[in-house]
Structure formats: structure tokens, C-alpha cells
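I'd like to ask you about the structure that follows.
We just call them A, B, C, D, E and F in the order they show up, numbering each chain from 1.
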């Protein structure tokens, strides 16, 4: 089956920051994204686990965006500006999709 | 009225506190006992809805008076003033950076609603009444401390735009607490009768399960926080609530609250936030380290208030009035 | 019996409705107040179990009669017939595609169990009894509308194989509702006594918390749906429940239900699904846009029924009998 | 005292068992009815907290005596001894590998707290009292079976380091059960009064909802497990609880427990674990197949005990004393 | 350590469709898959968030299958047929595994 | 925007094993990791679904570690030792990050 190369950006940030990241993506008019909840983790600021948590601090979400290679930089720049000051990680990887027009 | 020691011992053997201690021990021995996040959040929604509603019904019964306005003002002054004192003490004694000191200070100006709940239950156990609107005072004390802390950390990366303001001001717990309070005022005694089997009868029991979870969290906070605790920080976690309580007692007495009301105001002033303020700090003061402020508030001050503080504040409030 | 205005105002100041409004306001001001998904699902299981069981106990006390059979038949006819009317009106007035019109029509033929619960509570507040088997009527009305809508959209990509049929017919809420109903019939009053501290006493309070969540969802639905709402669609969301209710009132009166029973049948006919039908549409009619049918049902018709509709239907039902 | 058949029929028409059967049927017809994981865990925390606490209050009322010490010892002996019998029978009759046989054996030595709860409720329905400390016996029976099974599987990849020991010994359910038990002893009747609206009144109702979920799980276990069930395995799932119960009855009678206490000890001996032991097996005996031991315990033995076993054990216990 | 190249198929679909995707995978006898729950997202049909949801509509799951390159097309074809009509996204990427016999 | 190549290790294991994997990662001093909860799945030991579960057995978590290519083998070896005996899957893939000093 014919597939088309795209990029997958994955942003891990603390939950309180989620809306900021989503705001950036909405402003840039990306065609879609999906947020996954993490359960536990460890970073510069120590370990955390979601169980028993009453607040949202510490708990991390991963925001996944699949988009065209061309648009990578437009999206990475503002995301990177956000995560340098705040807690977070941004990765980019290659994927192939079956419906190129969707992205 | 018992002596403070008698009070403290009675407090320590209530199921509430015993479940908190069980949670603490389970966490310290690294048991895998845990409460699912959704259940913990569900219980905290329940507790805020119930306490807000009951406070509102109280106001609907007794009406609004000048003391209520004064109590709300006192709450604002305490929430805004305590961080100034806390900040100064932290900078002088602990060697925290200004950003971290400001963040910690915000926690102590703001309040912990569970500590407030525990104090309310202790008062009830002693058949001491408190003003229904104290729950509104609790709600109003959540945020001023945050704004003062951001001002203290100005020029250090504190961001403070309109969006942050909205997020801080309309955070879920404030909305639910004040919303339920107003609903309680409107629905009144009749409304309370309709739902008391849900919000009154099982309240204490739910609080037990919730405190079990708080014990687990506090215990894990203690374990994780150990390496960041210096002696001056540890001491701050114990004397700062006492300073706050002293102001709370003074203000409560000055504006003429009942003994129960004074005790609650002291408890609010003494308590440190661990939900609203940490979330606000991540947004507006991301350079501040959560690994300092969270264990301080959850691991030191919360258990201190729950076990020693509350009986002490109640004793002092009774002595005052 | 009060006037319809008196009823409506009394309805609006019950804690239930006030919490719904609180949720609505919180969502519209974009507060981050939220109820965890697991808690919302847990409450909906609880409410269905309780209402089903209580309905069954009611039947065990009063026995089965011809009216019950007629009421079940009326439910099937209403659920299957209302989509036909709704579909025609939508195609004529709103410019929706046939697929979208069929999907929306399915929602209005089927029912919302929370609207049913709210109407039951309102009746109880007025000391009006209703037939216990109305909950079985509610369960039976969930699905016929779906099949009619798929028939309306035939040739437009509606898939309708055996697997879909099973998934639609055995969806969780139908199974729990009818299962609890039969358990209630078997367990009877004795069974009710054993568990009434769980399913009767706290029921209203749980409904408050659940309606808070429904308010949040409805408010978000309204916010998101705004851009898809045209005036004809908005109007449909308000007059369609009235048309449904009119048929419900007529059928209920014709088969000789009590005033409470007539009001409930009208409410069922007026209410629009937002759980079972949307899920079925995604499976069997994926081309239909959820961004139209969900906000319509949740954001317009649900709040309308809760605040204005229910008191009106109760008033009319009382006038009829 | 009714005949065993009367007992069994009465048991089968309690809401508790009917909801279990509803869950079973829903799973077998592949309905999508489901209880969110967090709600299921929340209910299991609630049930353990409540049963532990009530047991402790019972001890605080009646004091500690020699029989309690003997009952605890009997529990340890049963939990350690039953796996030896089970292992031998499995190896002789079923053709399971030694590792799988050891893992299954561990489940039958350990206990199912929900089976214990159901038996307690059945006793209560018959107005038969049981010793409060039976809940401590339940807690103490959770682990010895695990250690025996690891010893049976020695040399077959059973890992058994200090870390595993800690994880097994301090698992959440043991900590909560014994913790609540001790809290109940300390808090006593006064503590019970404070929280009985939470832990006593709604208990049976919560158990209904929990058993609905257990029915769903058991039904899915049955469906998935079918292909692994051989006739000898199926039979084992039914006669092994009877063997366990026989020992439980004998020990209970020998140490002088009340009829209720004997029935509970028999139930504990008859019941098979499906929470603590499976988790321990994954850690310490990973070669054993969960697709054998889970469906056995959940799909066969649990439903058997719930429907047939409990009334039988109660009948025999009454006959004995 | 020696690793072996495999493919990772990721399918994002709305929760009501999950059983359909799983059914396809079961029919094709893939050796395994894992489903992850998403928390929130945005696509052609607007944004959604799981909190407060009572129904399953809107909420998205990601189904991950790790399998041999050779089997890619056999699996992609029926998956693609499902997602073209229904809501969903299919991506393929490269991974390396340590136990080749497992897949 | 300049990005730097890193490796992404993903370990799927049953929940009771999670603490073992995390222990290994902590011992190796990796700079961070994130754990994601799975919802359902299928493997050698049959299918499982998290709903209604009261215990943790069967339910699977995915532990994600982003780290430097150089450190891959140090981390893969002990992880692999764990998963051969126990239930689990380890995959490695390429990603690019924007803040290389973080890992």
C-alpha cells in the first residue's frame, strides 16, 4: 500500500501547561493533535506518580501532532520557546501515513 | 473545655487522623497501597461541594452581617500579608533563591481546604459552632497570596498575563466552593434536607478515606523531599503555621468572630496550599522548584497542622473568647 | 397544584438545577472545573442501577397490568415515530444533509435518562406518584429510534450488520437499566430495604453532582457547537421537544397512565439521547457529523427540558388527568 | 435454621447475588456494560476499609481472647497447608506443569475478600453473629500460601528476594485491611458512630455494584478461559473449595469459634485469591500462565462459592455447633 | 546488543471503533497489540476532552501493533478500509526489537 | 530549527513489573523516563482490558526513555534480561530532540 512520509512531533509537558501547547497548535492551525496522559515519570525535578494526586502538578501529558515536513519549523519554534522556560521535552520522528490529505 | 493536651490526644484518636497516619505509615514503608487519581479527585469534589453548600445554608439561616464582610477582608489581608513575612523569613534563614522563596511563600499565604475540613470536624466533635461563611473566607484566601508572590518574584521570570490571571482566578476549586456556597444560600434548609443524606451523613467517612490518601501523598512527599530539606526549611514548615495562626487568631478576635470562627480563621492562616498554588506556580513561575514547595506543604506543614496545630488553635481560640 | 410559573420557579431553585447552572456557568467562563471521566461514569452506573431497581420494586408491589403493556407499546411507537417527524422538519427547515438529519432525528426519538431522573425527582418533590414500570418504558425507548434513523439514511452509507445490531441492542445502559429493573422485581421491598441506604437516601445528592458535570458538558457543547448552530437548528432544539412531549402527553392520557406517568412519558418523548445514540451513530452512520448532533442534544435540548420543559410537562399532565 | 436448599434459594435472590448474575450474563452476551477501573478500585478500598474497621470495633467491644490467637494460627496453617494438597491434586489429575500447578495452588491457599464479605452479609441476613477478628484472620491468610507455592516451585525459576518479600507482605490490601482493623480497635464504638453513615449504611448497596463488576470480570474470565479449561481443571475448581471448606469447618469447630465464625473460616479456606496472589505470581513466578490461574479462580471458584458454597458452609457450620 | 528491524503501526480511532480494529487484527492473527487511551484531541470534527464524558463518543484510542515488515500490507489494507469511512488515522514507523521471534 | 538525533526506548510490561523496570533505569542514572498506561491489549497470554479490573495483573504500561545513542546498550542489556523471563516487549527507534543537553 502506498504511504506518504510525514513527521510526528511529540511534546511531553506538565499537565498545567497542556492548554498553552494546545493554544499554540490551534493558533498555527495544525489539522489535528492527540493528547495522551502519562501515569508516572522522572525528570530533572524528581519522580512523580499520578495515583492519589489531587492536584495536577507533576503529572505529565504527551501531545502528539502528525504533520507535513514543511510545517515542522513553524511549529517547533514556538513550542521550543515554551518548553525552554517551562518543564518539557520535544521530539520529532519520521512516520508514514496512508491518507496524505488529512494532515 | 479540655486542656490543649486532652484535645490533642482526643484529636489523634479520631478515625480521621488515624487513617491519615495509616496512609503516612504505608507510604513510608513503601507499601503499594494507593487511591486511584479519579477517586481522589472525586472525593475532593464531593468535600468541596458539601462544605460550600453547608456554609451557604448556614448563611441563609443566620443572614449576612458586618462581621462577614470583615471576615472576608481579614481573609484577603492574611492571604496577601503572610507571604510577605514568609518570604522575608525564607530569604533570611534558608538560602533559597528569591524565586523559590516567593513560591514557597505563596503556599503559606494561601490555604488548604482539607485542613479547614479537619478543623471543622474537630469543632463539631466539641459541639462548637462556627460561622457558615467561613467557607467563603476560605475561598477568598486562595488567590491573593499567589499575586503577592508573583510580585515578589517580579523580574525573575514571573509571567503574569491576562490568561494566567483567568486560570488562577477561575480554578476549579474556587468555582466549586463559592458556587456551592451560593447554591446553599439559595436552596437553604429545604435544599439541605433534600440532599443531606449525601452531603452530611457520610461526610466524615469520606473524609477518612480522603485523609488516608493525603497520608499516602504526604508520606511520599516526605520520602522524596528528604534530600531537599535543610534544618532551616524544616523549622520553617513548623513555625510558619504558628505565625500564620497567631495572625489569624488576632484578626478573628478583633473582628468579633465566635470561638469556632476564630479557630477556623487561625487554621486557614496556618495552612499551606498544595493544589491551587502549585498549579499556578507551574504556569506563572516555572523556574521555582516543585521539589521544594510541594514536600514542604504536604510533608511537613499539613501533618503538623492536622495533628498538633488544629487542637492548639481551637484551644487558643476558646481561651481568647 | 401550582401554576406552571410557580412550578418552574420552584424547579429552578432546587439544588439539582442550581448545580446544573453552576456547571454551565463554569464551562462558559472556561473554568478548569472538571469531573474525572471515571467518576462521571461511576455516577451514571449508580443512577441507572438505582432507578432501575426502584422501578422494579414498584412493579413488584403493584403488579403488572394491561396499562404497562400499553405503555411499553406507546414507548416503542414514540421512539420510532418521532424520528420520522424530526427528519422531515430538519430536511425542510435546516438544510442539513439527509445523513445528518437522520442522525439528529435518531437522538430525538431516543431518550435521555438524566432528564427522566430529573423529572422523577420533580414529581417526588410534588408528592406525585408515577408507575414503577416507566423505567422499563425508558429502556425500551432507547433503540427503536436508532433503527428508524438507519432506515432513513439507507443508501447513504448506513451500515447495519448483525454485529452493529448486537452492539446497539446490548449497550451497557440498556442492560443495566433493564437488569436492575428485573432484579428489583425479584428482590422486592425486602431487597429495597437492604440497600435503600445506598440507592435511595443519597440519590438526590449524587444527582446534584452528576448534573454539575452535565452542566459542564452542556456548556462546553454550547461553546464548541456555536459555530455550527444556525437559527433553524437552534429553534428545532426547542420546538422538537415540545412536539415530542405533545405526543407523549396524548399517548399517556389515552392509555390511562397516572398524572405522574403521563408527565414521565412526555419527558421521555421530549428528551434527546446523548450517550447511546451518538455511540451507535459512530458505528453505523459514521458520515454523520457529531459536531452537529452532540451540541444540539446536550447544549440546547437538555438544558431546555431541565429548566423549562419538565415543569411544563408536569403541569400539562396534571391538567390532563 | 432453614434447610440448606432454603438457604441457597434465599441467597440466590438477594440483590447482591442477582447483580452478580446480571454481570455474568452481560459479559457472556458480550454487552459493553463495564465499570471503570478507578471505580472498581475505589469500591474495593471502601469495602476493605469498612470491613476492617468494623472488625476492629468488634474486637474493641469483646476484647481479645485465646480463641482469637488460635483462629489466627488456624488461618496460617490453612493458608500454608491447602496449597500442598491443591498442588498434589493438580499434578496428579490435570497435567499442569509444576510451575502452573504451584501458582494455581497458591490461589486456593490464599483468600478472596469479596467472598468473605458476601458470607458476612449472608450471616447478617440470618442474624448470625461472627467474631470481629475474623477479618484479621482473612488478612493473615493472604500471604502464607504464596510463600509455600514459591517453595513448591523452587528450582523452576521462582525468584524470592527481599524486594519480592516486601512487595508481597506489604501489598495494599493487607495494609488497608489490618490498618483499618487496628484503627477500629482504637477508635471503638465512638469512632464507628462517627462514620457509620459511610461504612455501615450503604455497605450492602456498594457490594451490589461491586458484585456486578465481579460478575462482568468472572464472565469475561470464563469466556477467555474456556479454551484452557480441561474437565479435570474444571472439577478442581469446584471440589477444591469443598476440601478447603472441610478443613476450615474442622479447625473452626476445634478451636471453639461461634457458628458464624466457623462459617467464615470455612469460606476463607474455600475461597481463592484473584488480586494479591496473581500480582505476586507475576513478580515471583513469571513462568506460570495467568491464563490458567485467573479464569480458574474468577470464573469457576468465585461464582461457585458465591452461589452454592456460602449457603452450604453456613448450613454445615450451624449443624456443627 | 543485536536488534532486528520491525514496523510499528499506530491507529488512532474513536473509542466505539476500537472493537472493530481489534477484530480485524484478531482475524489477521497478529501476535499482539496494545491500546492506549487518549485524553483529549482535535481533528476534523473539532476538539474533545475525556473529562466529564459520560459516553464514549469523541474519545480516541491509539492501537499499537509491532509486526514484521512483510506483514505490513496485509494489515494496512483492511485497517485503511475501516478508517476511510470512519474517523481515524493510521501511521507506520520503523522500530528495532530485541526478540524477533516474538512478533 | 536545529535538532539532534537521540534514541527512544519503549518498554511494554505488565504493571506489577513497572517498579522493576524503573529500578533498573534509576540504577543506570538515566536522566528521565515517562510511563504511559495502556487500556487493553493482546499478547501470548491472551487479551486483557483494564475496565473493571480490580488487580493489576494483565494491565500493561509502556515506559518511554529518550536517551543518547551511546547509552543504548548499557540500558538495553539489563532491560532485556528482565523481559526475557517476564512478560514484555522492548523497542528502539530514532527521534530528534531540540535540547540535547537534557538527555
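The rule we apply is simple: a residue touches a chain if its C-beta (ideal position, glycine included) is under 8 Å from a C-beta of that chain, and two chains touch if they have at least 3 such contacts.
Please read all numbers here as calculations on a predicted model, not as lab measurements.
Trainee: Following contacts chain by chain, what is the lowest number of steps it takes to reach chain F starting at chain B?
Mentor: The fewest steps needed to get from chain B to chain F is 2.
Trainee: Out of curiosity, which chains are bumping into both chain D and chain F?
Mentor: Under the touch definition, chain D and chain F have no mutual neighbours whatsoever.
Trainee: Would you identify the chain whose Cα-based centre sits farthest away from the centre of chain D?
Mentor: Following the centroid criterion, the farthest chain would be A.
Trainee: Of the other chains, whose C-alpha centre is the longest way from the centre of chain B?
Mentor: Farthest by centroid: E.
Trainee: Starting from the mean Cα coordinates of chain C and chain D, work out the distance between those two points in Å.
Mentor: Distance between chain centres: 40 Å.
Trainee: Taking each chain's centre as the mean of its CA atoms, how far is chain C from chain E in angstrom?
Mentor: 34
Trainee: Between chain B and chain E, what is the separation of their C-alpha centroids in Å?
Mentor: Each chain reduced to its C-alpha mean, chain B and chain E end up 45 Å apart.
Trainee: Using the touch rule from the top of the page, what residues of chain E touch 2 or more other chains?
Mentor: 36-37, 93-94
Trainee: Scan chain B for residues touching two or more other chains and write them down.
Mentor: Those would be 34-39, 41-42, 167, 201-202.
Trainee: Touching pairs of chains, all of them, please.
Mentor: Once each pair is checked, the touching ones are A-B, A-E, A-F, B-C, B-D, C-D, C-E, D-F, E-F.
Trainee: Touching chain A in the complex: which residues of chain E?
Mentor: Result: residues 10, 12, 36-44, 60, 62, 72-73, 76-77, 80, 83-84, 89-94 of chain E touch chain A.
Trainee: Which of the residues in chain E come into contact with chain F in the complex?
Mentor: Within the complex, chain E touches chain F at residues 1, 3, 6, 8, 18, 22, 25-26, 31-37, 61, 66, 93-99, 102.
Trainee: For the complex, give me every residue of chain B touching chain A.
Mentor: For this pair, the touching residues of chain B are 34-37, 40-41, 44, 157, 167, 213-214, 216-217, 220, 224, 274-276, 278-279, 281-283, 286-287, 289-291, 294.
Trainee: Over in the complex, which chain E residues touch chain C? Could you list them?
Mentor: Its residues touching chain C are 14, 16-17, 19-20, 45-47, 49-59, 85-87.
Trainee: Flag every residue of chain D that touches chain C in the complex, lowest number first.
Mentor: On the chain D side, the touching residues are 13-15, 18-19, 22, 25-26, 29-39, 42, 125, 201-206, 208-209, 212.
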